[in-house]
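The first chain written gets the first letter, and so on, giving A, B, C, D, E and F; residue counts start at 1 in each chain.
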Amino acid sequence: MREDGRLYDELRKIHIETDYTNYAEGSVYIAFGATRLLCNVSVEERVPPFLRGTGGGWVTAEYAMLPRATHTRMMRESVKGRASGRTMEIQRLIGRALRSIMDLKTLGERTLWIDCDVLQADGGTRAVAITGAFVAVANALATLLKKKAIKKIPLQDFIAAASVGLKNGQPYLDLTCAEDTTVSVDMNVVMTGGGKYVEVQGTGEHHPFDTDELHALLAYAKLGVDQLITKQKEVLGPELTELISG
Amino acid sequence: MREDGRLYDELRKIHIETDYTNYAEGSVYIAFGATRLLCNVSVEERVPPFLRGTGGGWVTAEYAMLPRATHTRMMRESVKGRASGRTMEIQRLIGRALRSIMDLKTLGERTLWIDCDVLQADGGTRAVAITGAFVAVANALATLLKKKAIKKIPLQDFIAAASVGLKNGQPYLDLTCAEDTTVSVDMNVVMTGGGKYVEVQGTGEHHPFDTDELHALLAYAKLGVDQLITKQKEVLGPELTELISG
Amino acid sequence: MREDGRLYDELRKIHIETDYTNYAEGSVYIAFGATRLLCNVSVEERVPPFLRGTGGGWVTAEYAMLPRATHTRMMRESVKGRASGRTMEIQRLIGRALRSIMDLKTLGERTLWIDCDVLQADGGTRAVAITGAFVAVANALATLLKKKAIKKIPLQDFIAAASVGLKNGQPYLDLTCAEDTTVSVDMNVVMTGGGKYVEVQGTGEHHPFDTDELHALLAYAKLGVDQLITKQKEVLGPELTELISG
Amino acid sequence: MREDGRLYDELRKIHIETDYTNYAEGSVYIAFGATRLLCNVSVEERVPPFLRGTGGGWVTAEYAMLPRATHTRMMRESVKGRASGRTMEIQRLIGRALRSIMDLKTLGERTLWIDCDVLQADGGTRAVAITGAFVAVANALATLLKKKAIKKIPLQDFIAAASVGLKNGQPYLDLTCAEDTTVSVDMNVVMTGGGKYVEVQGTGEHHPFDTDELHALLAYAKLGVDQLITKQKEVLGPELTELISG
Amino acid sequence: MREDGRLYDELRKIHIETDYTNYAEGSVYIAFGATRLLCNVSVEERVPPFLRGTGGGWVTAEYAMLPRATHTRMMRESVKGRASGRTMEIQRLIGRALRSIMDLKTLGERTLWIDCDVLQADGGTRAVAITGAFVAVANALATLLKKKAIKKIPLQDFIAAASVGLKNGQPYLDLTCAEDTTVSVDMNVVMTGGGKYVEVQGTGEHHPFDTDELHALLAYAKLGVDQLITKQKEVLGPELTELISG
Amino acid sequence: MREDGRLYDELRKIHIETDYTNYAEGSVYIAFGATRLLCNVSVEERVPPFLRGTGGGWVTAEYAMLPRATHTRMMRESVKGRASGRTMEIQRLIGRALRSIMDLKTLGERTLWIDCDVLQADGGTRAVAITGAFVAVANALATLLKKKAIKKIPLQDFIAAASVGLKNGQPYLDLTCAEDTTVSVDMNVVMTGGGKYVEVQGTGEHHPFDTDELHALLAYAKLGVDQLITKQKEVLGPELTELISG
């Protein structure tokens, strides 16, 4: 049993709230236990230079932590004058994940900006960000559909992400910060509603892992993602779920 | 009557929630209508170089907006690589305001970092920030007192802030964003529980104002600040209110 | 009596010299005692993006200190790679002050850049900057009028600024650097020739102040501004003074 | 058959040259076909602040491309003033990979700086960088051992990396740049001499992939890594290979 | 004859004023015709890290132009966030020139900061800067000598600098900005009172030059430098001139 | 005799290799002894704003060192966020030198970007860079001629550069790093095939030099440049040499 009483393959309590702020086209507050994020999606009616005139759209993400999202206060990246490598890595991952199930032609020449801001961090922020961003993106697209700016919801499937780790040979699903610092292998898996992989990022910095361990981790991740997608469908409602060609 | 049904001298609905996040020594969620901020106070057990060895402490503030706190998305300051002049001006104001009623010697050689992050902006963010920051600072100090790190609460009075404006000769209290863009004079007033001024910042960029107008604006500001301080006392409770030598 | 022999309500010796450099459309050297600035106004025949096509003009300011304008050398902001919060705050104030009495439509689609560079700082640099900038702006506009680029001088009034402070209940006009570090309340007031306020910025970081003290400070500021505007008129000459619709 | 005549599971021509420059403790020139890198390892006799006094060492990496390493010239990151997200992501990966098989206690309180500079890029630069960096690190450690700065080579195993991709269901090993732009799944795998995973990073931005596809990709990667480690052993020679406790 | 009536080998009107500002240890206002600079020297009682504990001192320079020193306004380098290559090149030249005649051991473990700020630029700013900086440095050293911080003036000679150019085979001394844009060869020469070269920087970007032309240019430069050093001696006075072991 | 056995007027072993990388229009690997550089020339079919529509082209250079080009590792300029003054000075010199013999009208509205990257530094990098850049530029132009993008090779002469120094009155040609730190005068001379000067940059930071010393240094530089141009002609071959109107 884990410190917080969960089973090894059990997610933390998931809370998702839509329309959290008034202005963003999609606005989601999401918590996995004490990890709390705000995912806002903004629609911009233009695309980066390399896409102009192609008819296709773009999806990009930015990720940041509030200075006191963590146990001790961190310096703001606007004060340091540059985003850290970790920040860049995470926001690139979020953008890729959301693009993977987006039909960019149907989206049309517009950009979806996904802002994932961590209010409080207790492990798994990149998985929470992707899971919440999907809901916010779906809501933003529903708004565009209602305005007839797009003809159909350009999502080809659901996606969600789970973090998994390995400690003394035992896989763990949805790691807290305390657990994260003790595992020897750390993996983030982004999967679709159809059970396919969008991203697999596993690191054995403290312990190279073998094929059996890889399989065990992927199985735990699938367990988590399946529940998260069920939750996403519940939050988005049957009508919008139906419109997502998953 | 105003667009949102308020009287000219009426505040918006005020909501203050303490212990909003788990890690910060003081953590306050505060809303004036649709303007919503998170004020976190962190205690750092050291002071800037110019104070080392003096026995005195320091209070400093940082202010930022989430990219979609506003009607249209703004670029992150960490992406631009520098804070804007407006950001710097506001965070300097918050820091000065909170230092004005702090007994820095009693605080001892430690720094209070006040982080004011705007989740949603509908006018008056600097007044909301100061009002919320006071509550978060009081809570952080109560934590220090409980740990016996300080001997008494080093606050000499309460402070809160109100924004006021002038439109066609009529003063307005607690401006929304829509009102703010139409007023000819814009003023922020920080006052103590004892009714004294800590900061008066009035700008007649579109209409220089006379002494009578100045008085009318200050009277409205006092009305607002008095109610805000009553609210702060209610939130902090009678015991902590008693300990603040106001 | 004050350390330099002045009365409490007495300005330092004011020196204003026009056409100080050859290239700027308006170029003013201004000194209040040992505080010495160069205010250059440049006319640029275009406006920032948000004004293009509106027919209106813009006025903006930049402020900087030479590294050895102060008792000990300060690092250049070009070396640090960014302007400080203080610099930003001051240049925003100068810009707002000059826009407040400018008829931007009459100015037409052009920008006035006001550069205030401090050669030597002995207190009151923001007041000196605004007072000198007004003269430089008036000269630059006279040049435009002579060239028939504008039909009339688009200034609706004179403006000047004074710094005032409070020490042991006694107001002081036009503070030196030495005085500035000992006052408990510090205020800058920008006023028009017609006696109206354009900016009131008072800070009681070390001593919240009451309404009577506020009045006393404003009265001293008015005394100073009136004399400064008289001086400005003298320097600009009767003809140009006449053209400024004050 | 592939455009360059290779089989799907065939590596490009591998060329590794040691002692390429004179000053670096380990200096390796490595080419996979037209992808050419210089991997230099520098030993610094101190560690980052978070490790001081712990007795343990550190390994970190920096990665950059010469401006004309690519088909069209790219702007230098020193001109842009910041490293891109891609650069940061790659150098973090290289650092993690090399730390995974390093016994940091045996290394002692010193830092190995790995500089991977791409002279010419034709796909797979991160895999080439890790494969070359391992050889350069081994050489730098041999230098330290010879000087008796360390008691034994603190490498617990060999590592190398391969890039693999999936196109129309067919896995490809060691992608060229031309191939890389056409695959639907892109994966980098870092493995040890013992056949374990250190990093698995797979992205199906254009095509979510299933478990069978994942297995096929991992099998191709293993084929590549095994040959690369054989090549590394050949270059390092039997004596040094023996000292690496793989 | 030249546009401004000068002979080819004639300097512009030279004006040097010492003690121009109050705080700097050496403060010189210098003009060559319409080129006007302020050279301030600050003494800092410490040296850069590479000199600590060596007993030797350091001399370094910074150079900047006010935004409207030129015909059209230039953006501030603090706004751009970095000094230009031209700025860096000039300030490195000034620093080297002044170090060349300084006995750094006698100066002791302190740094002389030379700030050369261009109020108005009409050609030759680097020559004017060096010529003025020498006077400011001499004054700063005289202050140190008076305070007995140093035992003797650590200057081994005088230095001054002249700009020369070549146009249709004719050398020109002390070029104005208008002349500078038409010459085919542009040269700056820094020389000592003893007639030796400290720096020779000649550029034939628009016209490679031969040995005879080089000689003619150097002869003109010597003519200029000799007069400038005479002027420096006059400004510094016989007593201080005597103390400079030239 | 010198430490490495050379005569005072003897160059180090020169090695020039063309077509070193595949993508650049001109790509040269050049070594003077242990100083090794890569000079890549890229052709961009547009010019900077100030040349648009003029029909003329541009030549610009960038210079950088790999972090371990030197005895001890240097921090990357992309990490520091800005190029050093030394870097800027050198790249400006390379650009000017190559423009001096380029007929920019014949080049047409395109830009040649010269990237000089130092793989290993043992003195004289700026001379090596210019000498190698000339060959790379000539090759890039030959490519353009072959494609009929230009009508003739727009080079008016050959150029090469030599570093010379003075130690105890003895001139030295082509200084190594060890020699460079002991000389009292340091000079770089860029000359044409016709024996004219393009740049003369001599610095006597540690020893002002007289006219005789200047002549001796220039004579040594000429000796070096003549041999370097002979080598360049050999590498470029008789046909291309013929096309360069030297």
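Simple rule for what comes next: contacts are C-beta pairs under 8 Å (C-beta built on N, C-alpha and C of every residue); 3 or more make two chains touch, one makes a residue touch a chain.
Please read these numbers as outputs of a predicted model, since none were measured by experiment.
Enquirer: Going by the stated contact rule, which chains contact chain C and chain E alike?
Expert: none
Enquirer: If you average the Cα atoms per chain, which one ends up farthest from chain B?
Expert: If we average the C-alpha coordinates per chain, F ends up farthest from chain B.
Enquirer: Pick from E-F, A-B or A-D: which interface has over half of its contact pairs in common with C-E?
Expert: When the contact pairs of C-E are compared with those in E-F, A-B or A-D, A-B matches.
Enquirer: Take the average of all CA coordinates in chain A, do the same for chain C, and state the distance between these two points in whole angstrom.
Expert: Each chain's C-alpha centroid was found; their separation is 51 Å.
Enquirer: Could you give the separation in Å between the centres of chain B and chain C, each centre being the mean of its C-alpha atoms?
Expert: Inter-chain centre distance comes to 28 Å.
Enquirer: Between chain D and chain F, what is the separation of their C-alpha centroids in Å?
Expert: The mean C-alpha positions of chain D and chain F differ by 34 Å.
Enquirer: Scan chain C for residues touching two or more other chains and write them down.
Expert: 81-83
Enquirer: Chain contact graph: line, ring, star, complete or other?
Expert: ring
Enquirer: Going by the defined touches, start at chain D, step to chain F, and keep going round the ring. Which chains appear, in sequence?
Expert: Listed around the ring from chain D, going to chain F first: D, F, E, C, B, A.
Enquirer: Going by the contact rule set out above, which residues of chain E touch chain C in the complex?
Expert: For this pair, the touching residues of chain E are 21-24, 27, 34, 36, 38, 40, 42, 44, 62, 64, 66-73, 76-83, 87, 113, 115, 117, 119-120.
Enquirer: Help me check something: in the complex, which residues belonging to chain E touch chain F?
Expert: Where chain E meets chain F, its residues are 82-86, 88-89, 91-92, 96, 99-101, 157, 191-192, 194-206, 208-211, 214, 218.
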